[in-house]
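Right after this note come the structures.
Each of the two complexes below includes chain A, the first together with chain B, the second together with chain C.
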Partner chain A sequence: MTQEAYREMWENLNLDIAAHDGLLGVLGKFYGDIYMSQKGRLQGMEYLDFVLSEVHGLRIKELQDAKAQGRKIIGTFCVFVPEELALAVDAVQVGLCAGADAGKEAAETLVPRNTCALIKSFIGFKLARLCPYTESCDLIVGETTCDGKKKAYEAFSEHAPMYVMEVPQTKTESARALWKAEVLRYMARLEELTGRKVTAEKLAEAIKTVNARRRALQRLNRLRAAVPAPISGRDVLLINQVSFYDDPIRFTASINTLCDQLEERITAGEGVAPKDAPRVMLSGCPMAVPNWKLPYVIESSGAVIVGEESCIGTRNTRDLTDESGQTLEEMIDALCERYMKIDCACFTPNAERLDNVETMAKDLKVDGVIQYALMFCQPYAHEGIKVEKRLTAGGVPSMSLETDYSMEDIEQLKTRVEAFLETVK
Partner chain B sequence: MTQEAYREMWENLNLDIAAHDGLLGVLGKFYGDIYMSQKGRLQGMEYLDFVLSEVHGLRIKELQDAKAQGRKIIGTFCVFVPEELALAVDAVQVGLCAGADAGKEAAETLVPRNTCALIKSFIGFKLARLCPYTESCDLIVGETTCDGKKKAYEAFSEHAPMYVMEVPQTKTESARALWKAEVLRYMARLEELTGRKVTAEKLAEAIKTVNARRRALQRLNRLRAAVPAPISGRDVLLINQVSFYDDPIRFTASINTLCDQLEERITAGEGVAPKDAPRVMLSGCPMAVPNWKLPYVIESSGAVIVGEESCIGTRNTRDLTDESGQTLEEMIDALCERYMKIDCACFTPNAERLDNVETMAKDLKVDGVIQYALMFCQPYAHEGIKVEKRLTAGGVPSMSLETDYSMEDIEQLKTRVEAFLETVK
Partner chain C sequence: MTVLGIDIGSRSIEVVAMDQGKVVEKRQAPTTFNPVAQLLALLDGLDAGLAVATGYGRKLVQDLDLGFPVETITEIKAHGLGAHHLFPAGRTVLDIGGQDTKALSLLPSGRVGKFEMNDRCAAGTGKFLEYTAQIFQIPVRDFGAYALGGDKPPIINSMCTVFAETEATSLMAQGVRPENIALGLHLSIARRTANMLSRVGLVLPLIFVGGVAHNPCMRQLLSEQTGAVIGETLFIPEEPDMTGALGAALWGESLEAS
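Coming up: the complex of A and B.
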């Protein structure tokens, strides 16, 4: 498809064409600097480069085609919204978390200044008419995982077709009952929206599709742990980011192909960084496209990132949904159970996250953990203090960084990261 | 009781005696400046002055006496924890919200810097060993009303006997079921702690006791609405603050006596401020003892505060518990229903609060509303934007202030408040 045809599509989506052109220009340059400049990348990454170059083009065209066929587009911000249900009614689910400073001033008319950059970004993209994903959505599904999002969705609902799921704050039996009721309420909403019924057959297929993607990403995470690291952390982060909006079946096949290449590389003893490069794990808040700032700072300081303990990372892929259910009821129970395993900081207590972080750091043989909190993200900032204590007690060096989407602190971050890396190796 | 005997009691409670002496000195001076300097106060306020002068003395002695009699002390931070249940097992419930900058540096080792002053204060008071209430508690009951408190309780639980109730985030049927389960779980915990059973008879009595206090405060709020205002907003705030830790029966009797005096004053056409003084309503975050900064700024600028739309204010007293239940089950249902009426910003949506704020502003014939948010309080900061829109649309002038417990911004607040008052009258 030509740029001219895309332009017409963007106009139909009511984007601010001039501002959007500017955004794509910046994004392209940013991607070139951070991604295309890497040496020794795998061939399989070309697929990701292509997907990203077409992030507002071909994939949006696919969404429009799906809509033309009567399929619905569901936007989400969180790993708690069960994609399996959307797939079971033939809808397309796309992640709407945003990772760039756009429309910030406009966003601050709807939400307080002391709101995290991720929230301001999705609101800003909407108000500035810059996001073709948001504009393509028939339903946008929020959740009550943090005060910032919970309250921002109220304001956002005046501008977009919002639906909010209540995620409980504990994992008691009563909280699980609430979650199941919310899953069923959402399922009914999807059925109403699409005019399709979730059947056992459709849901079983959807569970398999999403599990297959999780398995491919689990495989990737196992392989990247090799010494020397066969793939950069930036590239794995990009893969995780793309997993939220690409077609799941195509994506899974591509990642498995990439994993085949990784295996060859590992056999050959090749890596993207020297054997003795400091191995760093990132932990904390999600990094949405195109939030590549901190990974770039870390890897351009000579370290290699070998794990992302984050929603756009292992928090989204660690747990599979049990596939043994035969009836719709059994499958829904399996879904509920799977999502209640998520070790999000929205839960109290959330002891399993401490265990998971420590296990992951040890399994990946990291030299240090960098905890990343978006400024004003209270849940992860609080847990950061506990995670750091746990890691320190376990002999794993850890540092905490708080930042946002601006580029103003990049030199300061670099100084702190370099100082940390000197102490760990 | 002598100061010497109090000192022994404070030592037994493991307070930092020197720091505590300092605190009482500052508090006494602060109270003198803000409260005792007021002209035309009601005689009935002497009771409040006495209670406050004995806030760490006689009342703590009473708690120790209660403990010696085998009664338990329950500390709380939020209007969601049903005092009726504590009273039904002969326990004493006291509020632990704190309104002063103490132990802030110590608190910041447990919670992030970007945490509201109220949370840092209760943690700081504990870590600095300054609060005889906290030290007297057999159980401290938190709730999941905001991210800040929810996560702070995890850290706090390493220092105090914490128990946390899950407050849901919506008011759906499933959310109400969760709340009922939480009320029952808490009741069982209280029964276990005290070795006493909640019976229908005891709970009925407790419901009446707490309702009587609410009715007295409702009566106070109706009377204060007179023109000219017969009582200062500072004094009513103090009354609301004291309601959280004084004996409920004694407190109710004292407030009713005060209300009798108010009626006489209203009949005589007397007030604490001129008839044409700007009438201001405060709306937003709770103000815990001794957080009197903003009310002092407002009233010393010539306005009179005629309403507190806040947890330490009408949010705690607006709704009564239905008293018609005969069985324990019916009473518990009535309790659950009453607490689910609270229009806290923790809920999404929370449309009833917008209605309540607007109704209250109109009923009180206010000239303006000052919205008060503690810095980093995300729920009320978000709602502040919506409340301001609603009030503006309804023709009620409104301004929003964000502050904390430091005194550094007092001149700045004064300038902003004075500028606002000039526009409203």
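Coming up: the complex of A and C.
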């Protein structure tokens, strides 16, 4: 379908059509430069190219069709919001736009200037009427994973149907009790919104659906670890990003097909980068579409990214929900247990993240770790210091970078990344 | 075969020609807004089998058709190599250039261990000195000697170059001796720099390179801030701004040898 065909839909969503056209133009060019220019891409990536080209088109049409059938659309910003519950009430859960410099000036009327780019971006997208996902939502679910976000949601709730889950900051027994209470409160809200009940049968099915997607992504992560790396880190990042808004069943099937192709490629000894290309792991803040700047800088400097220790990466896929629960209560407990394993930097203490980062770096046989923090993201900037100490002690070279979505520091980033690669090889 | 090291920085371009491990030619010119023309003029009459380019303009050199292959390395590696060659005992390198300040630790082999670089802002760089020297209507090359005339430097807190000027102007309005303000401005850079050095784990001897190493006040303050003694544990090359180009040429020699 052409963009023209979607115009009416976008108008109905009250998007700023002219600004939105501009955004799609920039996104398309950016995608072309960063993705289509790669050599030796897998056929399976065509699916992702298609999904990305239709990111504001066909997928939004699907959401509108789902709405017409009475299904509700739930928007989220964080891996803490349990998708299983949304699926169990036949709702559709999608990640929202938060990865580009859009509507920054407008956002700065609601949140302070020294707020991380991700928060400014989701607010900017809303105020500038640029995100068809946000505009399609019946409910937007926030979470208290940092001060910036929790305060931003207060301001955002004046502009969108906002619901906030309280994510605890420790992993004590009382924190787990709080989290369970929050999961139940959220479940009740979903039931009220949709008029449907979460049953054991529906939740069991939802748990299987989401686990299947996690398994496909785990498989992808195992395969990409081969030497030479069979797929670029940029492509895997894109896959992780797409996992937040594509239909989970279709997505899982497509990724498994892609993994089959990866296996063939590994058997044939083919890679996207030379065997001796430096292997880099990215660690830290999430990267929402189209935040591809740093991965692009790293891979165009001759390295290959073989792992993302991030919410848009292994933090979202490492742990499965136990599928053995029989009753609704058992399943809810299993869900709570699974989500409390997330090693988000919002937790104190958060020693398991240090272990996970170190284990991952060693398992993937990386030559170095590049820690990525969004400017003004306190939790990851703090942990960056600890992670660096741990990695240094373990003999793994690492470097920390702080940046945002702008392009003004790209030459500086290139110099730092290239210099880092020079030191590890 | 002659190997060229080319360092295209934000303020100046340096070229070092090496043959059999010996420097046979050194040239320098301001970068201006036409670095390609400046470089071509600098290269006039020089022939080489290989060049290694470094600095912000390294990719620019690679894209030129110079009639010989051009490899690139970052200025961090180049300064590490150049500094280690000049002072093999040095363990930490500080490079203050036009718009960048870099601190790097050297492994005993001369390889770069850890490095730090100023981000985005030009606070604490040659540009900062150039900008603030204007307030005193003094050429930047004389600014260090002028600042040494101060004895009671006020603390300048602004990290931003433009705000530092505002701060300096308001100090002038309070009647603070201009030499002292100039010294205070130098001290603000020396403090920032010492912080950056401690982040890479300062081990002496320290090698101070880059254009700002010409500045006598910066040399003295850096010595005071780090405890390094000039000539003993603080080494400064005779031509500190040539270090990057020298390192690039050395890398070219090693590529040739391998």
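Assume the second predicted complex is superposed on the first by the 422 of 425 C-alpha atoms of A that agree within 3 Å, B and C clash if a C-alpha of one lies under 4 Å from a C-alpha of the other, contacts with A are read in each partner's own complex, and residues count from 1 in each chain.
Here is the rule we use: contacts are C-beta pairs under 8 Å (C-beta built on N, C-alpha and C of every residue); 3 or more make two chains touch, one makes a residue touch a chain.
Just so it is clear, the structure is predicted and the values come from calculations on it, not from any experiment.
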item: Most chain A residues touched (candidates chain B, chain C); value: B
item: Touched partner set for A:Ser174, first chain B, second chain C, both or neither; value: first
item: Touching partner for A:Pro112 - first (chain B), second (chain C), both, neither; value: first
item: First, second, both or neither for A:Glu166, with chain B first and chain C second; value: first
item: Partner chain(s) touched by A:Glu408 [first = chain B, second = chain C, both, neither]; value: second
item: First, second, both or neither for A:Glu418, with chain B first and chain C second; value: second
item: First (chain B), second (chain C), both or neither touched by A:Cys146; value: first
item: Residues of chain C that touch chain A when the two form their complex; value: 56, 73-77, 111-115, 117, 119-120
item: Of chain A, residues touching chain C in the complex; value: 402, 408-409, 411-412, 415-416, 418-420, 422-423
item: Partner chain A, residues of chain B touching it in the complex; value: 109-112, 114-115, 144, 146-148, 150-155, 164, 166, 168-170, 172-175, 177-178, 181-182, 185, 345-346, 348-350, 373, 375-376, 378-379, 381-386
